[in-house]
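Next come two complexes, and both contain chain A; in the first it sits with chain B, in the second with chain C.
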Partner chain A sequence: MFSLIVRRIISALTTLFLISIVAFILIQLPPGDFVDAYASKKSQGGVIITKEQLDAMRIQMGLDKPLYQQYLKWIGGVLRGNLGYSWEYHRPVSEVIGERISITLILAFSTLLFTYVLAISIGIYSAVRQYSIGDHIATVLGYIGLAMPGFLFALILLYLGQKWFGMSVGGLFSPEFVDVPWSWAKFMDMIKHLWVPVLVLGMAGTAFQLRTMRATLLDELNKMYVTAARAGGVPEFRLLMKYPVRMAINPIVATLGWELSKIVSGAPIVGLVLSLPSTGPLFIQALLDQDMYLAGAMILFYCTMVVIGTFISDILLMIIDPRMRFKRSS
Partner chain B sequence: MGKKYLLNVKNLNISWRLDKASVPIVCGVDFSLEPGKVLGLVGESGCGKSVTALSLMRILPKELKIEDGEILFNGHNGGKTVDIAKLKPKGEDIQKIRGGRISMIFQEPMSSFSPLHTIGNQIIEVIEIHKKTARGEAEEITINLLKKAGIADARDAVKRYPFEFSGGMLQRAMIAKALSCNPSLLIADEPTTALDVTIQAQILNLMRDLQREFGTSIIFISHDLGVVGQMADEVAIMYMGKIVERGPTKNIFKTPKHPYTIKLLDAIPRLGNLEDRRRLEPIRGTVPGLFNRPPGCIFHDRCDSYMSGICDSAFPDLREMSENHFVACYLYEKGEMDQ
Partner chain C sequence: MTDDRHININGKKIRRVDIATHWQLMWWQFRKNKMAMISAGILGIFLIISLFAEFIAPYSPGTRNPGYLAAPPMRVHFFDDRGKFHLRPFIYGSVQKRDPVTLRLNYVDDTSKRIPVRVLTRGESYKLWGLFKSDVHLFGVDEGMINLFGTDKLGRDLFTRIMYATRISISVGAIGVIFAFIIGIIMGGIAGYFGGIADELIMRLMEFIRSIPTLPLWMALAAALPRDWPPLRVYLVIIVILSGIGWTTLGRRVRSKLFSLREEDFVLSARLAGCSNARIILRHMLPSFMSYIIVDLTVSFPYIILAETSLSFLGLGLREPVVSWGVLLYAAQNVPALAQMPWLLITGLFVVIAILAFNFMGDGLRDAADPLAK
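Right after this comes the complex of A and B.
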């Protein structure tokens, strides 16, 4: 088991390294660079910048060097904990994204928690009470959740919140807390606002996992080993939780990494619509501005989340399913 | 009847509830079992043997309902008789009986253990539930049981997972699990069907030895008359949810009465017959579907002795031919008309 974990760590690190290369190339792919984007913005404001000035800027930023040299410089910095400098914000990247990353993490993990708690418990209910009224309601809501894109749901919530409660459900803080440092009151205020983005981000995933849980559990409930355990006199609730539910949770756990990546990649657009102080809107802006190091850091961050999610789900699977532990070692 | 019964099943009716109809699966089955005896329940696939067995523990799939009948069980030490058919299938009373007073060995050992838990865990659980023993003690009991069931490295085996066992080993483990709480009744539902022939013999010997040692009564279900002949004191032949013949094993094999029993015995391959080159006699036709049960005697459309106007009128009653030997067939209605 230990060697399996080590092997997984090594492959996770390799993946991250390859991703950093791909990410760096991807950022360079759109035509032009930060200097071009900067010049066109300035010219809209009526300021004319000469070609010489632009070239000087490029040399100063290192944009005149070949791609691989730029990459090595960047990745060398990243490994030493220096994410580079954001030209747009005139601050180090780590400073720009620092607080937003923690908010994104809170958002992603609350969404994950919400998704799994809700999907597993409703899934169990739906399977055990198949074709009951509750099951039908869960099924209909599940289909709606699957079919509706997150940003649309966000817009509907914004509209309804305004119309019925006369309040803005966007953002993550009440106006009085936006620019104050962290405190208990600010944290509680965030929790109060958190449910809207969590609901929006988690809806599709919950619906999907709920369907998976219900279908797998229905299969497992009819398996021989359940009848055999029942024949041993195991009380019904304990029986349900110990045997079929544990089996049915396997595919749900296996998709944890994937679910986390969906939440993270769905976050930018929803974050924009709900005007959240998360990394989402920042990421989109960085791409538009061609703010290279900022965008690169964000891509790296998102990918790390996916890799970590997959890693966690692999480890969890090894813990809950003995067959996973034995497969490689034998 | 002055005899003391461990189990007395009377007029058991089980049907399969569909949206608009209900299809009879078991139709008025009667049998009884004395303490310490082995009853063989024989029939083709789908004749209701397994359903009958599952109903004795109230672990039928939810589409199947006991419509009528009594399952009188006398296996409590206090001597109180319980009607299992009247218990709530999810209630505490039946849970105490399951695994404690009646236990079951299933057909497919490979799929009858949870792949996520160790063998030890799944046996210890049963002991803890019924005997309320501490975990360490339950583990010792389990190791002893596994040894008795012929698993050599029992102390190591409790820590292993089902996928590390062979089918024969798992069946031994299942027997150990079934006997863990000294049940008065053991139901073995085709316990050797999924195993190799050599392993079959070992498992049957093991069951017979343990049955003698523990004094457990067994209901042995099989479609294999040869196996039943070795194990059972009494045999009941089922066809389409009804018992058509029932009696001491010797009588059933030596002087079978019901045309279906006679045909079943003719269909057994025997080594000695290889030289005669006798062809095996298959039973004509196939078992009718559940949705079109023939009227009258359910076997009449496959029977060579079919008597028009009699056999298709109503199902014949079970009639005692000799001591404890019952048959349901119009051929014997007059009593003295033999064969």
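Right after this comes the complex of A and C.
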């Protein structure tokens, strides 16, 4: 088991290294660099910048060096906790995204929790009471959840909130808490607002995992060992929880990493629609402004979250599935 | 099996199912699934809309109704205000009224003015597929304009724009799926047929692409496109980006199927007969698992459509004057616009219906792909 964990760590680190290269290449892709974007913005404002000034800016920022040197400089800084400088905000990137990252993390993990609690419990219910009214409702809701893009759902909630309650369901804090430092009251206020984005982000994932849970559990319930245990007089609830559910939960846990990846994928767009103080709107703005260090740090952050999620899901799988523990090490 | 009917051959009674081809068996299995059949019908309608958008839409996507800005959907009536029935449906003319409190412009039906809706009427001229000149539209009115789904801020007819957007969005999906199919066949083919280092490298690549959160990646790639490109080029490059990330499912399927078929006798005999590698893969191995590939293609269709919608919604994908579902929803991005023009969300309904239909049809095809399984 230990060697398996070590192998997973090595593969996670390799993936991270590759991702850092991809992130850097992506940032470099837009034609022109930040200096060009800066100059065109300034010239729209009527300020004319000479070519010499632009070149001086480039040298100052190190944009005249070959690409691999820029990459080494960047990644070296990242490893030391220096994510570079955001030219759009005139502050270090780590300062710009600091608080927003914690909000994105809270959002992602609450969504994950919501998804799994709901998917597992409704999945069990749907499988045990197959073709009951509740099962049909869950199936229909599941299909709609899968087919409705998160941002559309967010838009509809926004509209309904506006129409019925005359208030915006967007944002994560009440107005009086927006600019105050963290406190217990602010935290509770956030919890109150959290359900909307969590619902929006978790909907598709819940629908998907629910279907998986229901299907695998149905397969298990028809197996002989269930009949045998029932014939042996095991109480129904204990029988259900102890064997079939434990089997059916494996594929769900195995896809935890992908689930997190999907949540992270959907987060920016939902964050934008619901105007959350998360990393999403910042990321989109950074891409539009070609603020490369900011965008790069963000891509790196998103991917790191997913890699960590996959890693956690591997470890969890080893804990709950003994076959995984003994497969390689024996 | 499904079909127990018999046919007579040379006086012998033979069960039809015993001599049916693989595709016939698939069809029999597929048509048993009602939801899948309904979905196929809905997708057929979408296809017709995208093929004949110019004819079905009463106007062109840029035409404005200057007297009817940001106005709600018009109702089509059969009964007038005195309860009298008219065989030909009609709409009322509308008058602008300013709300004395909010000062917002409202539109009120002018019941004294009935405008009949005409079917197959002449209107704006267009060129169908850039070839056939015509000015016949499915429906229209003689006086003013008919706006079944209301209008946007500039007074453009939402119904017309959704019809044109359906064409763009569906075609993005279709071309994207074709690209993904080609890349998937090539990469999966190399990996599965040759194995070894090529397989190892391609598998790693697929795993890597899978482990990256896709939307941020799409966004970053799309943001890299120059703003001054012509719309057609943006359209094509966006499709290439979407399929460049979306081919992995298909590649994996092709690889695993090729792996299991590689040792079959018919492959060996094809090789002994001197077939080239490409011919063995495309002519001999591919047809034996074509049905699975069709399932995968159907299932990946909605993903590509959704991806394009999301990108355009963010302003990173397609842009005006090209209209896709995402471009239309872009106008409904903020609360004030939504509160003023909730009918803009009708576009969302089209997105959801299309994706649901693709999902259900994919389910039906998946069951049908292996008709002898049960």
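Some notes on this structure:
Quick note on the criterion: the second predicted complex is superposed on the first by the 329 of 330 C-alpha atoms of A that agree within 3 Å, B and C clash if a C-alpha of one lies under 4 Å from a C-alpha of the other, contacts with A are read in each partner's own complex, and residues count from 1 in each chain.
One rule holds in what follows: contacts are C-beta pairs under 8 Å (C-beta built on N, C-alpha and C of every residue); 3 or more make two chains touch, one makes a residue touch a chain.
All of these numbers come straight from a predicted model, not from anything done at the bench.
Model built by superposing both complexes on chain A: chain B and chain C fit together without a clash. With both structures placed on the common chain, the touch criterion links A:G232 to chain B but leaves chain C unconnected. When the two complexes are overlaid on their common chain A, residue A:I5 makes contact with neither chain B nor chain C. Of the two partner chains, chain B is the only one touched by A:M224; chain C is not. By the touch criterion defined above, A:I320 lies against chain B but remains apart from chain C after alignment on the C-alpha atoms of chain A.
In the superposition on chain A, contact is made by A:M247 with chain B only, not with chain C.
Partner contacting the larger number of chain A residues, of chain B and chain C: C. When the two structures are aligned on the shared chain, A:V140 is found in touch with neither chain B nor chain C. Once chain A of one complex is fitted onto chain A of the other, the partner contacts of A:V117 are absent, as it touches neither chain B nor chain C. With chain A as the common frame, chain A serves as the apex of an angle whose CA-centre rays point to chain B and chain C; its value is 80 degrees, to a multiple of 10. Once you line the two complexes up on chain A, you'll see the smallest CA to CA distance from chain B to chain C is 16 Å. When the two complexes are superposed on chain A, none of the residues of chain A touches both chain B and chain C.
By the touch criterion given at the top, residues 222-225, 227-236, 242-243, 246-247, 320-323, 326 of chain A touch chain B in their complex. Interface residues of chain A facing chain C in the complex, by the touch rule stated above, are 15, 18-19, 22, 26-27, 29-31, 143-144, 146-149, 151-152, 155-156, 158-159, 162-163, 168, 170, 257-258, 261-262, 264-266, 268-269, 272-273, 283-284, 287-288, 290, 295, 298-299, 302-303, 306-307, 310.
Only residues 54, 57, 59, 61, 90, 92, 95-100, 103-104, 106, 108, 111-118, 122, 125-126, 129-130, 161, 163-164, 174, 177 of chain B touch chain A when the two sit together in their complex. Here chain C touches chain A in the complex through residues 208, 210-217, 219-221, 223-224, 226, 302, 306, 309-310, 313-316, 329, 332-333, 335, 338-339, 342, 345, 348, 351-352, 355-356, 359-360, going by the rule given at the top.
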